[in-house]
């Protein structure tokens, strides 16, 4: 099933730079794995923001939550989730 | 170039039902054509809303505006546009 | 799967009273059927509002959208949908 | 009486990790006890958030406040409370 | 039990003046009766607004909803309800 | 004159616990004195919040400000003030 | 006592132009009288808006409400009222 | 002096189409004249909106208000005005 | 020219008290000088807030910015600026 | 292509002053270079704010993001980006 996920990241000012770099590196590895599995279907950067627009294709809500909760930068994230249904005007090409 | 577009449609209560049906029909035709051209890359229904999440792949801002302005239901739309850049963690598979 | 749905209804002032009564009656029938099917799991009135808090237990996003879109008062509704996962602190009793 | 409670948790960045783990553990114990007493009737995780949707069934406002105020993570919570009445369209099955 | 209720009234521009006067008159009668019963404990006008701040003292959520839903101007109201508990610093004098 | 005052308290995470306890104790003393003087007419706890709904009966704006500014927890407060007039539908019983 | 009043006027699209002109004319007369009485102390137009920033100097909340409620365009107004106290840094020159 | 002006236009659904076309035509003439005078310095369309971002270079607030108030579509506009000062990092090239 | 300025001050919890007292003292001196020059025309305290409503009468936007930017507490301020034009209903008495 | 960019800067209270001065200095150099290249077309200070209104003329979204992400003060920025199309009423003079 498809989920729209909009993520905005706010890094606390007083964080230790090396800890942040480590979190970013682990974040990149984690997201690559989910992309290769096909679960993280689309990942785009919002121009001008430390944030992204993503489309997830996962089995259910619990799996979506499991993935997002596992992201190293999760504690600094504001996340908006919208369940996506098939649009009546979408042409036969599969939506994703 | 990729644009994130979120559309929310609010139909005025006093609209003539037959005029609305005509607008919806023309809307479906228009969106199909833009999808076939590849400009309207993704079109998903937000579950529970008369609205959609879309990704457009068009030449520039003017073209995006031209398409959206041409939609029959445009006068009843609230539209949010975000320009999308390539995410540094996006794996080599083309984002769309 | 469980979905949290918050519905706020705003009836246009100029609506024909008899048409409104008909819509309300059909709304009640529709919601009863979905409740009996178990898909509309919980339905509570928000005290002081023409609105409700509901929990749906349906197969997927498309089914949720199909149900909400079918409600006679849908055109007058503002709807907020949140996908619900199992809470790690929820005791073994089934959440619903 | 039934109360809708939506809780969003924002953990301060500079908190001592061991203190946080202790608070989370005590939170889990507290919520389990209230669930076993039947006062915390439903507890669901909002997918993608450190937050939950809950339904409480308690004697009155003071008791609701007493429970929420007692939660270890209360200082980091933003809480929305809505009193729930019986919906006129709710079928005879008890709403909870 | 005590409920804080904040009511903002927005009269549609196209309403028939005589119908509005009738609704206002019936509203005044209704509110007087609830005040005499002691259920509508306090009623103050917000200076500069067609709105009020009220404190209700009623048996439960259902009764509160029943009263508010019965008000003739209810369709034009935006209502905010907060359940009130006893404040730990409130001196022994009964709060109302 | 009557003022509606809604207070929301947000305690900074890094505050020294003993300093906070001292502030809370002084806050309780201060509010009791203003209640005994009749200036702090009503004080209710919003269920689920570190906040309150209050009605002040004071001589003028300056006095209201003086009282609120004097509260030990003032630096951690978000305060909303509405001047209250007599409601045309209020029955003869004094509004407070 | 001084009150800050911010007024935003939204004229309904379907209003009869001659009725609107009459309301505007009566509005101007009313505001001039209150200005001459000294109660409407300052009246400035917000550049780019059908709205104004005003300072009222009136006896109490009830009088402020009486004036605002009497304005012909009141039904089309959104009004924000803030009670103003003397600023500790205001120099001896009377604030108005 | 420079003013940032953001305009969002919301056309009422029930407006007579020919009246709207006339207003749009007169709007275009008016804006062209102000552009030729140099007062309407920049006018850009926000892609996806019936709205624009503009920079005005006018003598003072009153002149800005006079221009905006004179626009035929003014009654359907929501306008945001920000006064612009010279930025300390702006290079010597005149800002416009 | 006249500018409406609304200032809300949020002092960080961890600030050194003596540094804050010094900033407040310098703030008072600065504002007194601008008031004596006539540029800071009105300064009122919003009852219940660490904030003020002010009217500035200065030569242009740059001067307004220069003054506000110079205030010692500027880093802790949220500021709203509205340019004020002469109101068509303002009586001949100078608006300030 | 033209982008409207609105930037609001919020400096953390506990930052080391010398580090901040260094960041501001590097910010000024960076923005000057982008202005000389013509990519940062307009840069105006919003009077009363640590923020600016800017117009960028860059090749695409990725380039815009690259520039904004490179700004030393980026971590303290809240940024709003709107893609700008040519306005149908813009006179032949190039929009910028």
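Note that the chains take the letters A, B, C, D, E, F, G, H, I and J in the order they are written out, and that residue 1 is the start of every chain.
Please note the rule applied: a contact is a pair of C-beta atoms (placed from the backbone, for glycine too) under 8 Å apart; a residue touches a chain by one contact, two chains touch by 3 or more.
Protein names from UniProt, one per chain: A, B, C, D, E, F, G, H, I, J = Muconolactone Delta-isomerase.
Computed from a prediction, not measured in an experiment: that's the story for all the values here.
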item: Partner chains shared by subunit C (Muconolactone Delta-isomerase) and subunit G (Muconolactone Delta-isomerase) (touch criterion as defined above); value: E
item: Listed chain pair H-I, D-F or G-H that repeats interface B-J [over half of contact pairs the same by residue number]; value: H-I
item: Whole-Å gap between the CA centroids of subunit C (Muconolactone Delta-isomerase) and subunit E (Muconolactone Delta-isomerase); value: 27
item: Whole-Å gap separating subunit E (Muconolactone Delta-isomerase) and subunit H (Muconolactone Delta-isomerase), where each centre is the average of the chain's CA atoms; value: 43
item: Residue list for subunit B (Muconolactone Delta-isomerase), restricted to those that touch at least two other chains; value: 2-3, 14, 45, 47-48, 61-62, 64-65, 81-86
item: Pairwise touch network: line, ring, star, complete, or other; value: other
item: Listing of all chain pairs that touch each other, if any do; value: A-B, A-C, A-D, A-J, B-C, B-H, B-J, C-D, C-E, D-E, D-F, E-F, E-G, F-G, F-I, G-H, G-I, H-I, H-J, I-J
item: Interface residues, subunit G (Muconolactone Delta-isomerase) side, partner subunit H (Muconolactone Delta-isomerase) - complex; value: 11, 13-14, 45, 47-50
item: Partner subunit F (Muconolactone Delta-isomerase), residues of subunit G (Muconolactone Delta-isomerase) touching it in the complex; value: 1-3, 60-62, 64-66, 81-86
item: In the complex, subunit I (Muconolactone Delta-isomerase) residues that touch subunit J (Muconolactone Delta-isomerase); value: 3, 5, 12, 14-15, 61-62, 64-65, 68, 74-76, 79-81
item: Residue numbers on subunit E (Muconolactone Delta-isomerase) that touch subunit F (Muconolactone Delta-isomerase), as the complex places them; value: 2, 4, 27-28, 31-32, 35-36, 42-48, 52-53, 55, 82-91, 93, 95-96
